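First, the structure itself, so that you have it in front of you.
Letters A, B, C and D name the chains as they come in the text, with residue numbers starting at 1 for each one.
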Amino acid sequence: MIVSIQSGLLCIHHLASLIPLHPPAASSIAQDVDDLHFTLTGITLFFTALIFGCIFYFMLKYRRRSDDEQPEQVVMNLPLEITWTAIPTLICAGIFIWASALYIRNSRPPASSTEIFVIGKQWMWHLQHPEGPREINELHVPLNVPVKLTMTSQDVIHGFYIPAFRVKKDVVPGMYSSIWFLATVPGTYHLFCTQYCGAEHSQMIGWVYVMEPTDYAAWLAGGAKNESMVETGARLFDQLGCEACHAANNTGRGPSLLGVYGKPEKLRDGSTRIVDEALIRQAIVNPNSVLLPNYPSIMPTFKGQVDEEQVLDLIAYVKSLGTGENAPNERTPNQ
Amino acid sequence: MSEHVVPVKTYVGVFVALICLTALTTGAAYIDMGRFNTVVALAIAVVKMMLVVLFFMHLKYSSGMTRIVVIAGIFWLGLLISLTLADELTRHWTPNAGPWGLLLPFLHF
Amino acid sequence: MAAPAPLHDAHEADHAHQFEEKEQQREAGSLGMWTFLVTEVMFFGGLFCAYVIYRSLHPHGFELGSHLLEVKFGATNTAVLICSSLTMALAIRSAQVGKSKATIITFLVLTMLLGLTFIGVKLYFEWYHDYLDHIVPGIDFVYRPEWGSFAPEVQMLMVFYFFMTGLHALHMVVGIGILTVLTIMAARGRFSPRYYAPLEISGLYWHFVDIIWIYLFPLLYLIGGRYSTGGH
Amino acid sequence: MSTTAVADLPAPSSQSPVNYLNATYGIKSWLLTTDHKRIALLYLASITVMFLIGGIAAVLMRIQLIEPQGALVQPETYNKLFSMHGIVMVFFFLIPSIPAVLGNFLVPMMIGARDLAFPRINLLSWYLYIIGSIFVLYAIMSGGIDTGWTFYEPYSSAFSHTHVIAAVLGIFINGFSSILTGLNFIVTIHKMRAPGMTWFRMPLFLWAIYATSVIQILGTPVVAIALFLVGLERLFHVGIFDPAIGGDPILFQHLFWFYSHPAVYIMILPGMGVISELVTCFAKRKIFGYEFVAFSSMAIAVLSFLVWGHHMFVSGQSIYAGLIFSVLSFLVAIPSAIKVFNWTATLYKGSISYDAPMLYALGFIGLFTMGGLTGLFLASLAENVHVTGTYFIVAHFHYIMVGGAVMAYLGGIHFWWPKITGRLYPDGWARFAALVIFVGFNLTFFPQFMLGYLGMPRRYAVYPAEFQVLNVMSSAGATVLGVGYVIPLIYLIWSMRYGPAAGPNPWGATGLEWQTPSPPPTENFEEIPVVTAEPYNYPGPKVVIRG
């Protein structure tokens, strides 16, 4: 008897280990998302049980006993209607506030984030560390350091998803999207593509390795000696002849790029834009769309001459030229 | 019930107004008003539409139901455009940190 | 009709079996057309929405593209369509007040001729010349050096121009088809002050097509004004 | 006036010698019919064929997913299977299911009219549906289409090598079928109600169909034009949504979901209408809170247009738009909750019978509750980020579309089958099938909620081995569900020839459609009825004939 109960429990335990209820929680936000999830699950189970319970109870209690039954007719009960309108409304309002606050908190990377760049292409993830290492379908990240990913796609829309971190964002061609996370548990985790992208969509997967910061530093330093993104960017800057116009001492026909990153810039059409990754990318591939008031519109487009990877290198180089004093990133107190 | 008969005079008046407004909108395009060129052009187009709908299409003399149908059409088109614009116009905004961070981009613009 | 209606065969020929009376049929027809026009609003609305978004994203490219279009033809065609709306309204009115068959037919034919004029101007003076100028996207579109990197945006405006005016022209062709049927009906003396619902309902459609053009004209031809050409 | 009658009608004769089925004979009398009841049957036959095609795709998909590395086909083929399943089931089965079959059959009968306002346009709708289906079937036969039913840009225009244009054209044409059906219902309900049939005397099925029609005419044209633009972009290689030429692929998603989210309500609202009819009849109760159920249909129709952005929380859409869409998405949960509570309250102190349609209806209420509540997960921004694009979504919308819409459709078919065919089906088999479907459905889709939260992305032909246990459970459940769907197909077809004759009102239901003979005559009513009472005037008339 006891043995059979024991083996029964073991069986259940075994099943539970086969079917976990949530993926590994390995980032600073994972627990918060799980809390929200299991609260919602509780609400769902409660109301489903309530409705099914009522249905079964009424089915039995009020089952038709003869075809001539004349059931009592109750057609309306206003207080009841108001109650069951108000309760879902209040629950919805509460969940909305909770979920939105969490989302907004998760949407802004801390200023101290280290940055890694992601390019999706059919059907692989290309990941680029500023220090130089480039990876395919593998991402090494340090433990307990906020990491910001700046992502774009070379072809169709992909979806960058690390279940263990509870983060996901579409990777869209022609624009930069970004997510951030702070890994809290060392280990190896899945990386998936979640936006259908063609034949090998389901093979566009990889692994994320969360390493102790010292191991990570060793990993960065080890392996083949790569030039850093800034170095590649500087080389490209030179090769493409950008220097001719964008001279550092502001003697060229175009503006100097020294310290422009993060600065608000007034454009010829009257709008003000912060010089960020998106703006620099736009200036490279479609320069006439971000004309400055005091400079002639003579810059040719570099679309087709540089691929998304090289655009990122150039951006890294421009960022290395210093950031403007008025950058809102700097003003904002760290979270 | 028979449909309201609109006097020829009204039709001709509306017609003349429409032609004048067409001339006006074309002429206005040659005057530099900055971004108000678009505003003026659209305002004139709305007036012209109203004239056609009210008089040529007899909405002025029609039942409430027809009016509801017209208003629904305009309302839903407005929903489509305004909610899509709500995304497109705010896509590059990021909320700043802090309790009021959500509102900061509004102050910035 | 699948089966004869033995129980209420006393109906007049001009009202269908499913209705109880002619007035009900007329109202149903009118409501049906208005509802259909709302569908049409949303149909063009999807395009207008895309147009609004892209214009806000690419204001300068759209302005350059707009300057490829000839205001004089756009304005002329607007006037032509307004005239056709007037003649359409007068055709309905003629039936309403019991004018002669000839009057109704005259106004209907005039409406048709104005519609054909519109399409003629569109086809020959605009589209054909655009083709000669190599500015028809998807068929023959050559980037001009003065557009610089705006060329794709100019092309996008032209895509919207051809698709929106094309769809509008298609509606005009359908409208002219309907007018042909109405003219034949008028010639057979079908319309009277008691029965002119087909005229009235078709009129709604014709005026709606006019309204679409009233928006297309400023949105496509008059972007950013005409006080300057080329860039700023 | 006795308590049993809704309308001043002469008592119908128990059998009508001439009815809409035998009034005329021959293929031509069907293909050129303008009788709304015959057109309903044309739709019934054609959507059943489409359901089987979509169902076969589903079966193959579930077989594939039994093994992590894929048990059946190459990923390319799997991609075509799920695209075909989605396109066929959404556009060619679910959207026309209840409106075009039951709506067509019942709207004129329920309001006491001889036909829809525009019978020829009604027939045109069916032909447009058939032409649209032919285009899509051509795309499937000639090598398939692999974009998913969502046709996301720029994959669909610039990268897919399959027959996107044919499929898009098919959906475009079918869209006009949907629009014209909706237009016909709106005008009919406005203008053709029998004397005394005020808006608040209408059965709730009509409110639901009316709300559905509003969505159809306002939403469908937008998706039609968006898909047309995809075809145009593909054909002419011009930039509209493709970012390589200045386009914005996210704009396509806006235009697509502006329709395709409300489309979910095109599927579920008529289902809710059916449930209101079934619950009242089989509990012999007036509906609880008529006005609340009626207005919640209209509220859903309007709100459904304000929530589409919750499909795009991770798309790169602005955070601000995300917040707006999130709060609006929560709002739409409220009218749905009101309906569920009112149906449940209708059972209270009723006289509940366990006939097959009622089993479907009760199953619907429970499963829809669950589907709706899991919708709250997706409206919640932070939660949505984790579960969107995973099997959680797949499970959620199948709870709504299969647990909801298909259950309601089957319940409705079983309820009105005696009216449509004049025959009764074997009751025991029908109850058995309802139970098998309920069990099979839950076995299939409940594990998918868990798979989704564990992070398994949707549209994966192969998957990491740790997800296998739940996938095998789901596939096993699908077998049960598949069997459940075949049983009614067999006994319903059997009953058309061998079933015992049904009287005019085998369920003792109120409602005008039950006051004519079964099957009804071509003109529905010998005389247009005059309505004098509220709907659901239960306990209804005594059962005349019961199998």
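Keep this in mind: a contact is a pair of C-beta atoms (placed from the backbone, for glycine too) under 8 Å apart; a residue touches a chain by one contact, two chains touch by 3 or more.
Nothing here was measured: the structure is a model prediction, and the numbers come from that model.
Seen from the Cα centre of chain C, the chain whose own Cα centre is farthest off is A.
Chain pairs A-D and A-C differ in how many C-beta pairs they share in contact, with the greater number at A-D. Central chain by Cα centroid: D, whose mean Cα position is closest to the mean of all protein Cα atoms. If you average the CA atoms of chain C and of chain D, the two centres end up 35 Å from each other.
Chain geometry summary: the mean Cα position of chain A and that of chain C are 46 Å apart. In chain B, the residues that touch at least two other chains are 65, 72-73, 76, 80, 84, 88-89, 92, 94-95. Residue positions of chain A touching 2 or more other chains, listed in rising order: 104, 107, 286. Each of residues 190, 218, 222, 246, 248, 250-251, 254-255, 258, 316, 319 in chain D touches at least two other chains.
By the touch criterion stated above, chain A contacts chain C in their complex at residues 268-269, 286-289, 297, 300-301, 303. Chain C contributes residues 23, 30-31, 34-35, 37-38, 41-42, 45-46, 48-49, 52-53, 56-57, 71, 75, 78-79, 82-83, 85-86, 88-90, 93, 96-97, 193, 200, 203-204, 207-208, 210-211, 214-215, 217-219, 221-228 to its touches with chain B in the complex.
Residues of chain B that touch chain D in their complex: 65, 72-73, 76, 79-80, 83-84, 86-95, 105. Residues 75-76, 79, 146-148, 150, 152-155, 158-160, 243-244, 246, 248-250, 283-292, 314-316, 319, 322-323, 326-327, 330-331, 333-334, 337-338, 340-342, 344-345, 347-354, 362, 365-366, 369-370, 373-374, 376-377, 379-386, 388-390, 450, 453-455, 457-464, 469-470, 508, 538-539, 542-543 of chain D touch chain A in their complex. On the chain B side of its complex with chain C, the touching residues are 1-3, 5-6, 8, 11-12, 14-15, 18-19, 22-23, 25-26, 29-33, 37-38, 41-42, 44-45, 48-49, 52-53, 55-57, 65-66, 69-70, 72-74, 76-77, 80-81, 84-85, 88-89.
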